[in-house]
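Each remark here refers to the structure printed beneath this line.
Order of writing sets the labels: A, B and C. Residues in every chain begin at 1.
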Amino acid sequence: MTVESRRLEIELEADGGMEDLTEKVERFVESSEVEEGAVTVYMLGSTGSVTTLEYEPGLQKDLPEAMEKLAPSGKDYKHHETWNDGNGRSHIRASIIGPEVTMPIINGELVHGTWQQVVAINWDTKNREREIVLQLRGK
Amino acid sequence: MTVESRRLEIELEADGGMEDLTEKVERFVESSEVEEGAVTVYMLGSTGSVTTLEYEPGLQKDLPEAMEKLAPSGKDYKHHETWNDGNGRSHIRASIIGPEVTMPIINGELVHGTWQQVVAINWDTKNREREIVLQLRGK
Amino acid sequence: MTVESRRLEIELEADGGMEDLTEKVERFVESSEVEEGAVTVYMLGSTGSVTTLEYEPGLQKDLPEAMEKLAPSGKDYKHHETWNDGNGRSHIRASIIGPEVTMPIINGELVHGTWQQVVAINWDTKNREREIVLQLRGK
């Protein structure tokens, strides 16, 4: 079994700032010996998410707008009584979408649809440097 | 380590059409040599999801209805300015629920609750042939 | 390859009762031989979820409140016609957040942010004893 992990640091804007990680993940898969296995793309922290998305400018606005309806910015969250940091909405959005996605590798290639990219999203109320772990497991 | 991958193609109806994949996954697990490990059930494309659900006719309507509230059909998404394909809601629903679930295998058996099935969901606005990858990793 | 699985049973309150599993997962990782790999934290059943969350009292109320808006308690779900058990909302919340999270292990340590805990959530309308599987895969 081969396990390889790589840490990335990326700058993301506040309230739904995104980066398409697909190319970085593909280069990592190509550079490794793993031909059959999986890669987990995982965000550290409790105000960010990883998921797959068609990465185009329209959806980069549409997804945060939908999450704004589910966990609105103006609301007085109980989280604010604990820390007074005003980012209750960010935590809720992050926990619903989740911190990771695990994608298959077959014949040395990352499996995804043509318009399906793997993206990191910052839900925090401030621009943030976010830490991502890419982990390959296979043979 | 054993890694085995299988591709499935399934026909799903528009706007929340579902198929229960549990039996197919269980047959794949039984046919393989893996006794201890995990299976990732993964949907290709950016307008579909995989999750677990009690697969019964009521919830097959209730879940799409809840997602309709979160990302309504009538809305004018910015995604439509990019492609004019009218399926902005489908992308949002797919990205929130996510494209995959990873389930443990113990003693050669898929671990799930009695009323917990693994289901593929098509959120697109048209009936679609969807491609699924089942991937077993273990020993 | 090493695969180790452990079953936990935990008591959770109704409608969003939570437990922070981080310490239990960390102790499992420390007790095992796996230095590089991943752990899947998986809830059996169709009315519960596993995700990461900053585990503090405010968010323990805020997250269920947001899910109440998405799948409200008062609603007459079609699920109730099938079973008459009144927990349609619980199934919807569970399927959207999902039953599992897969987290990397690097240098024998579980990777997570300082304020990022892995939590089990019971969405059912009754207090429940819930079954969790922790599964380590690595080397």
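Here, a residue touches a chain if its C-beta (ideal position, glycine included) is under 8 Å from a C-beta of that chain, and two chains touch if they have at least 3 such contacts.
If you're wondering where the values come from, they're calculated on a predicted model, not measured in any experiment.
Q: Using just the Cα atoms, superpose chain A onto chain C and tell me the rotation angle to the nearest 5°.
A: The superposition gives an angle of 120 degrees.
Q: Same residues or different residues where chain B meets chain C? The copies count as same if more than half of the interface numbers are shared.
A: Mostly different residues form this interface, as fewer than half of the numbers used are common to both chains.
Q: Rounded to the nearest whole Å, what is the centre-to-centre distance of chain B and chain C, using the mean of the C-alpha atoms as each centre?
A: Each chain's C-alpha centroid was found; their separation is 19 Å.
Q: Would you pick out the residues of chain C that each touch at least 2 other chains?
A: 1, 70, 96, 98, 102, 137
Q: Report the residues of chain B in contact with chain C in the complex, numbered from low to high.
A: Interface residues on chain B, with respect to chain C: 1, 36-38, 51-54, 56-59, 61-63, 66-67, 69-70, 96-98, 101-104, 106, 111-113, 115-117, 137-139.
Q: Report the residues of chain B in contact with chain A in the complex, numbered from low to high.
A: Residues of chain B touching chain A: 1, 3, 5, 40, 42, 44-46, 70-71, 77-83, 88, 91-92, 94-96, 98-100, 102, 131, 133, 135, 137.
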